[in-house]
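Take a look at the structure below.
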Amino acid sequence: MATAKLMSNAEAEAIPEVKAVFDDIRETRGSDFINNIWRALANDPQGLKRTWDQVKAVMATPGALDPKTREMIYIAVSSANSCGYCVHSHTAAARAKGMTDEEHGELLQIIALAAMTNTLVTSLQVPVDPEFEVS
Amino acid sequence: MATAKLMSNAEAEAIPEVKAVFDDIRETRGSDFINNIWRALANDPQGLKRTWDQVKAVMATPGALDPKTREMIYIAVSSANSCGYCVHSHTAAARAKGMTDEEHGELLQIIALAAMTNTLVTSLQVPVDPEFEVS
Amino acid sequence: MATAKLMSNAEAEAIPEVKAVFDDIRETRGSDFINNIWRALANDPQGLKRTWDQVKAVMATPGALDPKTREMIYIAVSSANSCGYCVHSHTAAARAKGMTDEEHGELLQIIALAAMTNTLVTSLQVPVDPEFEVS
Amino acid sequence: MATAKLMSNAEAEAIPEVKAVFDDIRETRGSDFINNIWRALANDPQGLKRTWDQVKAVMATPGALDPKTREMIYIAVSSANSCGYCVHSHTAAARAKGMTDEEHGELLQIIALAAMTNTLVTSLQVPVDPEFEVS
Amino acid sequence: MATAKLMSNAEAEAIPEVKAVFDDIRETRGSDFINNIWRALANDPQGLKRTWDQVKAVMATPGALDPKTREMIYIAVSSANSCGYCVHSHTAAARAKGMTDEEHGELLQIIALAAMTNTLVTSLQVPVDPEFEVS
Amino acid sequence: MATAKLMSNAEAEAIPEVKAVFDDIRETRGSDFINNIWRALANDPQGLKRTWDQVKAVMATPGALDPKTREMIYIAVSSANSCGYCVHSHTAAARAKGMTDEEHGELLQIIALAAMTNTLVTSLQVPVDPEFEVS
């Protein structure tokens, strides 16, 4: 169903660069499960490594934002970008990191409200208030 | 510059439905400042009221998510939807509600990462893993 | 400010294929005014002709939908696609073809509502009801 | 397949706020059918009510635009926003409200033309003609 | 599954305008295969012809860009626009015109990088450097 | 005008991590010019470095695709994503790497055609032909 083959574990084991990334995903997440995006990206081992390094640096390194909030922001962007797979995977991740049903409900209402006012602003071509500009 | 006139305070005062919304915005926010989106929406008093009621209900009612996080989610959606005005106004709002430079930097890196993987998934047409589906 | 030069009337007159399209735009619209999109497209005379032919066939040929409704649909798509120039030009065109302030207000509320529910559906990944499918 | 459970009639009956919205949908539409978006939104009864109230106010209240035109505008926005579910449901609704095959064909040609010129304008970064600005 | 019936060969044969386009597609491509987009568009014979004429003029006429590069640009736009069908069909076409796995991998990395920096620029609302403007 | 300060050369010199990236940009490009996106990103030195490392790896490392083609793909994605700054900067870059006016014209016609058919496919919800799927 994809536009590139989804690599099996056996196929991944046979390519050292792919195996190294899959091993690091498993260790970072503390789980044996490798989801489909990584199996599709594995067709380009360099692209796979570059993508995973970014994901690990941005999502799995401690910082100012907690892991649950990071996943909720990810859901927001993925919804606005119409990426069904991404909405599915990051909603699962947010729940695994503690997002409650109440928080999910509020998140969706904010995403929906933003989409609504984004479009009104674009339809009206509202000029930026000088108060909002960083000098 | 807009596709509809931006209503002045004097013009708004003259229309009771508009005045009532402007008064409620000022009271809810504890500030006299009315930004341009409301002045543009005021050309349709019903649409103005409906939009403000939604914004107030979703953004200014206490709930599971704190005000700063709500604004950061708003920035994420507005960025993905290419709404420059909205990015400007909600970045200002997030800062007013306590977003630090460090949090802003992390937020942008998550938004950028999500946009990147959203597109990879779409280019590859990755099928949803059964593990992510809610039965 | 554009990424290609905006061609002046004098420059357009000097290129027969461009002059022919500009003449047809003026005749079809009953106006001497040539707006900037055509001056930018004129750098590629073939692309200019192909684009104008499409616009003329779809927007200026009598059919089942009236001219005002066509322009309102154009505004809807341009708003969703974040094209500020297009929102400006087609809002002006819709008004010239009879769109009232009340209709403009309703149009924007529908566009905003659709953007809102589009995003909710994407966030929730709602499966299509069999009732909606054309067999 | 969704990211939240689709609520059954029995489950909806058990939650008074959800039952009230479902009853109002059925009465407003004169039909027993509740499509999936409402069953998914029902996980957040407040969000469900807020969304339905908006839909009812904008789509089911008499105004300047007729019901068929409203649905065609909804299809236009949903197409530009890549919402497959929404395209399906609103195409069915537009047909139920009288959209003919000829009108559907013209609608799609306008949507497609707008998407084409939206992108040309963005690629060329065409500046807004002063003639289009509302002073 | 579509919002309009997919026309069979027998149905297409019965409508002269549709038959003429299908014949031209087969001759231009040197293949009997008619993919689903044309079968769906065939419900509006005029729209079918207009769309095919554009595709033929832009994609099948010799010019400055080679056929493989054209298909790769098509994949880039289709990915950014979240069109799954289009990504599928143009990835197949690009491969048929010589795109290697290595080129596909590089293409996807460029698309992903562009999506990432596009969003950063929008989040930051970076003003255009005067050096980039065409005078 | 941006949502974060654009860092001057003097400010950048004072932060070692920023100076190192600016130096690498200058050396890689063989030019003293640092465009605004980097000055805005410099507020988050880690994000700046991560972004530049990606850009350098994907755009400035020899591979299967030539530099001009890479920039044209970048323009295609940036146009579809409505990023005006990005369209400006990568059109300038493509020209610097040899894109002719003829190639620019063809590029824009392909981008426009893709946007048109992307939307038709979405409006029609065309199912993927089995012939396009990678088994």
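Each chain carries a letter (A, B, C, D, E and F) given by its place in the written order, and its residues are counted from 1.
One rule holds for everything that comes next: a contact is a pair of C-beta atoms (placed from the backbone, for glycine too) under 8 Å apart; a residue touches a chain by one contact, two chains touch by 3 or more.
Note that this is a predicted model, so its numbers are computed, not measured.
> Between subunit B and subunit D, which partner chains are common?
Neighbours common to subunit B and subunit D are A, C, E, F.
> Write down the chain pair with more C-beta contact pairs when B-E is set against A-D.
B-E
> From the options B-D, B-C or A-B, choose the one that repeats interface B-F, i.e. more than half of its residue-numbered contact pairs are shared.
B-C
> Based on the averaged CA atom positions, which chain is farthest from subunit E?
Taking each chain's C-alpha mean as its centre, the farthest from subunit E is B.
> How many angstrom lie between the CA centroids of subunit A and subunit C, rounded to a whole number?
The mean C-alpha positions of subunit A and subunit C differ by 34 Å.
> Counting only Cα atoms for the centres, state how far subunit D is from subunit E in Å.
27
> In subunit D, which residues are in touch with two or more of the other chains?
Within subunit D, the residues that touch at least two other chains are 1-4, 50-51, 54, 58, 77, 79-84, 87-88, 91, 102, 107-109, 111-113, 115-120, 122-125, 128, 133.
> Which residues of subunit E touch subunit D in the complex?
3-4, 43-44, 46-47, 50-51, 77, 81-83
> Spell out the residues on subunit A that touch subunit B in their complex, using ranges where they run on.
Residue list for subunit A touching subunit B: 1-4, 6, 33, 35-37, 40-41, 51, 54-55, 58-59, 63-65, 69-70, 72-74, 76-81, 83-86, 88-92, 100, 102-103, 106-107, 109-111, 113-129, 131-133.
> What residues of subunit A sit close enough to touch subunit C in their complex?
Within the complex, subunit A contacts subunit C at residues 75, 79-80, 82, 84, 87-88, 107-108, 111-113, 115-120, 122-125.
> For the complex, give me every residue of subunit F touching subunit A.
It comes out as residues 1-5, 50, 54, 57-58, 128, 132-135.
> Taking the touch rule as given, give the residues of subunit B at its contact with subunit F in the complex, in rising order.
82, 87-88, 91, 101-102, 104-105, 108-109, 112, 119
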